[in-house]
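To keep things simple, chains are lettered A, B, C, D and E as they appear, and every chain counts its residues starting from 1.
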Amino acid sequence: MALILLPLVFGIIAWFVPGNISRIFGLIASTVTLAWSIIAVSYFEPSEHLLVDFGLRFVRFSIDSLGFTMVLLTNSVFFLVFLSNFNTSIVHEKRFTALALLMQFGLLGLFTTNTILGFYIFWELTLLPIFLILYWFGAFDKPRALLQFFLYTLVGSLAMLLSIIGLMHLTNQQTYDALLAADIQSFGNTSIFLMGGFLLAFAVKIPLFPFHTWQAETYTKAPTAGTMLLSAIMLKMALFGLLKWVLPIFDGNATDFWRWPVITLGLVGIIYGAVIAIRQQNLKTLFAYASLSHLGLIAAALMLQNEHTNLISVVQIVNHSIVSIGLFLAAGIIEERLGTQQLDQLGGIAKVAPRFGFWFAVLTFVSLSVPFTAGFIGEFFLIKALFSAHTFTGILASTTLVLGAVYMLKAYQVPMFGPTKINSFQDLHWSELAVFAILSIAAIYLGLAPQCITDFVAHSLTQPTH
Amino acid sequence: MAKDLTLLLLLALPLLGFAVNGLFGKRLPKIIVGSLATGLVFTAFLLATSLFSGLHGTQIVHLFNIIDFDQLQINASFQIDALSVWMTLIITGIGSLIHLFSMGYMSHDEGYHKFFTYLNLFIFSMLLLVLGSNYFVLFFGWEGVGMCSYLLISFHYNDAQKGLANSLAGRKAFIMNRIGDVGLLLALFMLLGQFNTLEFLKIGAAVQQNTALQGGAMFFITLSLFIAATGKSAQIPLFTWLPDAMAGPTPVSALIHAATMVTAGIYLTVRSNFLFELAPFTKDIMLYVGLATTLFAAFMALRQNDIKKVLAYSTVSQLGLMFVALGFGAYTVALFHVTTHAFFKALLFLGSGSVIHGMHEEQDIRKMGGLAKLMPVTHFTFLIGTMAISGIPLLSGFFSKDEIMAQALHHNTFVYVVLVLAVTMTAIYMFRLYFLTFHGAFRGGEALKSKVHESGLSMTLPLILLAVLSIFGGLLNLPGLFFKGAAHWFDHYLSHSTFGLSEVHNVHLDFNTSIGLMLFASAVAIGVMIWAYLNYAKKGALAKEDAALSGWERLSAQKLYIDEIYHAVFVRPLLAFSDFIGKVVDIQMLRNGIYALADGILYSANLTRKWQTGFLSSYLFWMIFGLITFIAYYILKLSVWH
Amino acid sequence: MSLQIISIILGSLTLASALMVVLSKHPIRSVIYLVVTFFFITSMYIMMNAQFLAIVNMIVYAGAIMVLFLFVLMLLNLNKEMEPMNAKGAQIAAFIAGGSLFLVLITALKDTLILGQTYRQQDNSIGLVKELGNLLFTKYVVAFELTSILFIAAMVGAILLAKREKQIIE
Amino acid sequence: MDSIVILFISGLIGLFAGMQKKPLLSIIIASLGLVSAGVAAYFKGSYISPLSSYEAYVPTQGLIIILLCTVTLLAILGGYKRYAADNEHTGDYLALILFSLCGAVLMAQPNDLMLFFIGLEILSIPIYVLVGIEKGSSRSAEAAVKYFFTGSFASAIILFGIALLYGATGSFQLIEIQSNLAIGIWQSPMAIIGSLFLLAGFIFKIGAVPFHFWGPDVYDGASNAVLMYMATVVKIAGIYALVNVFGQVFRDSYGFWIDLVSLIIVLSMFYGYITAWKQTSFRRLIAYSSIANAGLMIFALADTHNSNLFLFVAAYAFATIALVVINSIVNDDTDSLVNWEGIAWRHPLIGIALVISLFSLAGIPPFAGFFGKFSLLWSAVPHVPYTAILALIASVIGAFVYLRLMMSALKKPTVVVRSPLSFEQILVLTLTSLAAIGALYFI
Amino acid sequence: MQAASSIGTSLDFFLFVSFALFTIGAIGAMTRKNMIVLLMCIELMLNAVNLMLVTFSTYYGNGDAQIFVFFTMVVAAAEATVGLSIIIMAYRNLKSIDIDMYNKLKN
């Protein structure tokens, strides 16, 4: 219970903390939550469910090993976000600390809720803090881009709300297990529509190809911490929803109906994002499109509903969080110190700031999913799954390797290599260094021993469903 | 020491060097950094020799499981057999020499520790590549060396004159390699789909048990493997990165882009021989691709003026030669050439490195000349290298090339004729290079001439050792003409414990043909040497300026315009496509579409608010209108229902 | 028979005077026509034997309320003709709207406008004061009492609004 | 009936106490009246009322009465500053509000069309007056004029409908009307036309398209204090009356009018939200948003057995009151959205209440507005799925309106101006915020 | 009872008159600009309803409708009072009772 409520409590306290110690408070709060979840996981029997009930009608919690993985991921991400921004101005604002912690609460709720309406509530609950963070601390010159982000997510989530209402009406159930047990297939085409509603929400959030246009602009204009939160953990909500809720519940004709459309969109996204990223001049925009490319792969692979692929996709989800924190941190560091992210204004930073150059390179290679990193395991098995499903999809999906090299290396070497164009560049602060180190170690550890996640998650993903 | 421990130690040593130099290198004195890296690789070499001496049969060393699902198991495990140990010997042996060389060559470089860090990482990756007992671990190494290659090519990323050029060359290499990697990846998927394992031995066993596998599946698998090989081993169509990769420091060119990494494709093919044997069509493709590569690369090398570029095209050409051998199914022959090529090409590159070092980073042979007196050791060793690669009799290159020619003559006369042409060109450009560099008058100006100096011991020692190896390397696999007992030692060595190779037998020509072949080859090589001597050393012919070139010379100097063609056919359309979808589709159509929708709503807001006129009469009118609508709705509904 | 003719005549006169309320330009005349209309309506009530309502209509409506109207008109000194007519288009639109409302009403209700045929003779004493009084103070006493709220609210409101505040006298 | 009597009496007392020119006294009396009316409604049936014989005519029990009293209490507290400023009339204003609330209570749960009509008038007439209390303001006068004429016109329409219904069924009692119509409303066009006129009148009261025109102008011209009352209570009473009449009496002809109602819902929501987009004045914005919200409320008609309306109207009312209270802090005489810029920085409570209220109105969890919308849609979706889809699309546009407002309010100003809040403002903002959050625990 | 039966045949006509009266009132409300006349037009509409109610009352022989008419008159009186005071108040502000002058609030 404290696992879920802790961030809420901290988030409320954070409003009353004076601004000058808010960054320390944020760091402590996130450390405590992380530590708490680590302790909790050590007592957690992965094959069991941890039930938490506050006596609410529509919101109940049940934590399984997948949920726990996501909880750990969430807490780690928030810890890293606070740590990595320790030296930036944003954490001096108690508003940020408080909102971030509230958002953490929303995410934890989402990952642990056991009711479908609870899923929706937490889904939207996360939107509120991130919206305020983006608005207050972002560089949105026009409200348009920010509103576009909201429009898209809202359209998606309202479609999901309709689907949830329909689902609850049809099955007369609301908990996860009961919904799993319900015979959705007997509703025929209705179930296809219902799943479509969910998929629309997820497609916006992941994002899948034609629904991604909010992403690049939002990422670019958002404060670094906000971008990290968005891409490292918020997008994962959709994948989690797909993995845990939608695919198992709608197993059957609805999934069969949507499988190839979604895979197609995912594939289009993979190539589309990568191709666009090649020519981007803004670092964050480039990473945003890269993210589109990477997540399209996970989404497409998830639709295959292959047991092993599902397990591996969790690894890939974690990996993507690692990568996006790292890359956006790098972009943020550049932006913060030089005030620009335009590639043509940058050059030769590695010379001035060798430590930064080194760690950025490591993260670049992690995102290129070279072997020894979690990304490799992830991409290898996901593409393999797509390849087994259809040769052509596999071949198309594997182009991400080549195109990824094209844009990632550009993103790395244009600012870091070449003649030095900048005057001074303060090398990494210890907090940033720590984040980079943690991320790299995690990526390499998972690259060599992905089994630690897959075994744990397998308890909740390989249970016989119907 | 137990073999598995030896092996793990062998792997761990370069990794240790990488870690130590990476973490503390900046604070350690250069000498310690360099000797640590070199020493570790050399120790690894010693361990490799111990493995070599104690080698019998194939042994698997299992480390841990990477993925362990019920049906699917992927292990981090290693395989000790003749092939892997031999490759290990080359890598660590040549590697330690080049490390030694680098200690001198890089001594003035700021990134000294970084260089050795990367170099050790490369050695580690390369060892993974060759030692892995399955394709997965192989892939680890495969991509790892690609990554190191990138880092090392773009090592001098901060160069003020060349700007981003170095790192762009690195990126080109990485991307081209990645294309090949995709091939390997697809092959892996197909293998997993077909055999549900990636272990060499298990796949081999499955192949042997089930002979019905011949056919489509095998063709696609091997084709994908070959695509991977073309990427890494710089074959047509993915060869253009290798000449550009010369942007890296010269020891890197020697180690990665001549001796070891680029031969990974050959290694892969040899390792997968049992698969290739089932796919004759792929072998044919391989043969002709190799043939074309060797010919065109040799042609392109003819009029290059950058000392390293000549060597780079030469490498491409030699690699093509190896693929020709592989195309004939002569795996050991190819590997033999890999070995000798490693010796003499490393020698040549290091020699050129020594020249460049002595010339203070000048690489253009038009500015050299007469270096023989200024740099005697370099000159002498370089000459040996040149002779070895040109096929001057009794040097290592002579034997290895001769084997390939023999295969060609036996299988396909056309191929043989083309090969002769290529080999002749090889001799021509090599001697052109040699004479222009070391003979004639110094063309670099007096100021530079006074500064030119012979390199130090750490650089010349590797040169000498490699020269020795280049001379005697041929002894490893003597043709069975005279010393029958010592002949074909290498073939036997490889076949006896490498899976699949024992079943493959090379053709051996009869005595007369062999002698004839050898004599012909010797005549060609020596003839070219004499011609070159007369032309360049005596007549003093010089390399022409670019503007003066015409006809075939221009084509050669411009590398057949392949880069330009690639740029026009692939790069430009991709960029244009990227711009198109990035700016037109994404921004203008999709995003502005959303904005247009929003604007439409905004605009309609302008209309709807006009409805609220402010006049009470109109409000009352609309209320009555609403009432009328209600009643009309009723009347309509009634008439529809009845 | 004669009643029917009388009712038709009365009805026509009612409508005619009502139209004059709408059409006459001078507000005072409108008031007068309205009083006339009420008078005709009252006579219809009498025809239907709704005596109490007829009297109330005469006294309260035609008497009190209309006097109030006149009073306000005089008070505001607006008895001169000052009303600019609407734009023709709006006028026509209003007439068309009114006409169509009437038309759709009649169309929709044409089948039920047959009260005369289904009319059964009823006790015609219901409109008398006694009957209505009984009803008002038994069945509808709640409503009757609640109207007091209405009145007091209206009274307070009217005073609140119409009272001339000292501070805003210009 | 008890509640009505209590309200009336406290209104009368307040009226006379107002002569003391002590605003505090008036507000205390009014508050006490409201609280005791609510308490009386809550404990209805557990005590013996001297008025129990009237209960058959005027049922005054249930949450709805309590809601009306609570909302009115918040509204008079929120507007207290305005009422107190004119201390000569404070008692009159509050009395008018209490009288008007009597009408609301009377009409919200009608079982007799006659009482309903009287209730409607008791509700409306004081509001006509209240809209015009800003005597120096021509806007206020215009608003009063417009509201009065459109309102009377609508009364005539409702009356016409009632008359037609009476003509068709011979009774004003809803139960009798229902039983008389049970043989088939299709036999009686008169009843149907009557019901349509009645519908038009209801829609006028809650201000949905196409009878919404009074809304923006009147809200714009009225003072913030009055707006708090009339934007909430009138709508609540109107929608409850609509649901009770249509959901019960005309349940049989559901298939007939539901399409029309759907059309009204969709038009209202789109029209309201779209037009709200371009407003530059806060009260007009709230007016248009309330048109859209009225459309949403009409969803309660979709399921005649289980309307699930309560939560939504409560959330709507609380959020609206909170926003208008906030508006009254910056926009007293003027009414421009420009003044909203950076308003959240004036006081933390303003920021919190504003964010919560706007998100609640936009229907974003975990605030009451979401649960209100959810429960409405929960009942409606099986019956009118396509309308629900359109409504959700419209509410995206609505979310935009609220978000833009919120963004402007949250923008950090260059110079942070603090405005102290008075006690009753703090009370109102706190209560509304707590209610919006607390909804989570009551569903 | 000749007279009574003839009144029966007149009922339809009274209803017709009532509808027409309502319509005329509505038209007047839409077209007239003078607020007092406007108020009168609305009174006309109310009277139309009254007439209809009395007609129905006669038809059903039921006094309820006549009671309703009584209340309608009450309401009309209250409305007229408030309406007229609003008109006076408005006149003081804008010095006009032309309804078209009251269009500052719009859009």
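Going forward, a residue touches a chain if its C-beta (ideal position, glycine included) is under 8 Å from a C-beta of that chain, and two chains touch if they have at least 3 such contacts.
Keep in mind that this is a model prediction, so the values were computed, not measured.
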item	value
Partner chains that chain C and chain D have in common	B, E
Touch-network distance, chain A to chain E, counted in steps	2
Geometric centre: closest chain by C-alpha means	A
Chain pair with the most C-beta contacts	C-E
Relative to chain A, chain with the most remote C-alpha centre	C
Most distant chain from chain D by Cα centroid	B
Geometric centre distance via CA averages, chain E-chain B, whole Å	97
Whole-Å gap between the CA centroids of chain A and chain D	42
Chain centre separation (chain C, chain E; CA means) in Å	4
Where chain D and chain E are represented by their mean Cα positions, the distance between them in whole Å	27
Residues of chain D whose C-beta touches two or more other chains	114, 118, 121, 125, 128-129, 132, 135-136, 144-146, 149, 153, 167, 189, 192-193, 216-217
Chain C residues counted as touching two or more neighbouring chains	86, 90, 94, 97-98, 101, 105, 108, 140, 143, 147, 150, 153-154, 157-158, 161, 168
Two or more partner chains touched - positions in chain A	147, 151
Chain-chain contacts as defined at top	A-B, A-D, B-C, B-D, B-E, C-D, C-E, D-E
Residue numbers on chain D that touch chain B, as the complex places them	145-146, 149-150, 153-154, 157, 189, 192-193, 196-197, 199-200, 203-204, 210-211, 213-214, 216-217, 256, 259-260, 271, 274-279, 397
Complex contact set, residues of chain A against chain D	15, 56-59, 117, 120-122, 124-125, 127-128, 131-132, 135-136, 143, 146-147, 150-151, 154-155, 158-159, 161-162, 165-166, 168-169
Complex interface listing, chain E residues touching chain C	1, 3-17, 19-21, 23-28, 30-34, 36-37, 39-41, 43-44, 47, 50-51, 54-55, 57-64, 66-67, 69-71, 73-82, 84-89, 91-92, 97-98, 100
Sites on chain C touched by chain E in the complex	1-4, 7-8, 11, 14-15, 18-19, 21-22, 27, 30-31, 34, 37-38, 41, 44-45, 47-50, 52-53, 56-57, 60-61, 64-65, 68-69, 72-73, 75-76, 78, 82-86, 90-91, 94-95, 97-99, 101-102, 105-106, 113-116, 119, 121-124, 126-127, 131-132, 135-136, 139-140, 143, 147, 150-151, 153-155, 157-159, 161-162, 164, 168
Contact footprint of chain B on chain C as seen in their complex	86, 90, 93-94, 97-98, 100-101, 104-105, 107-108
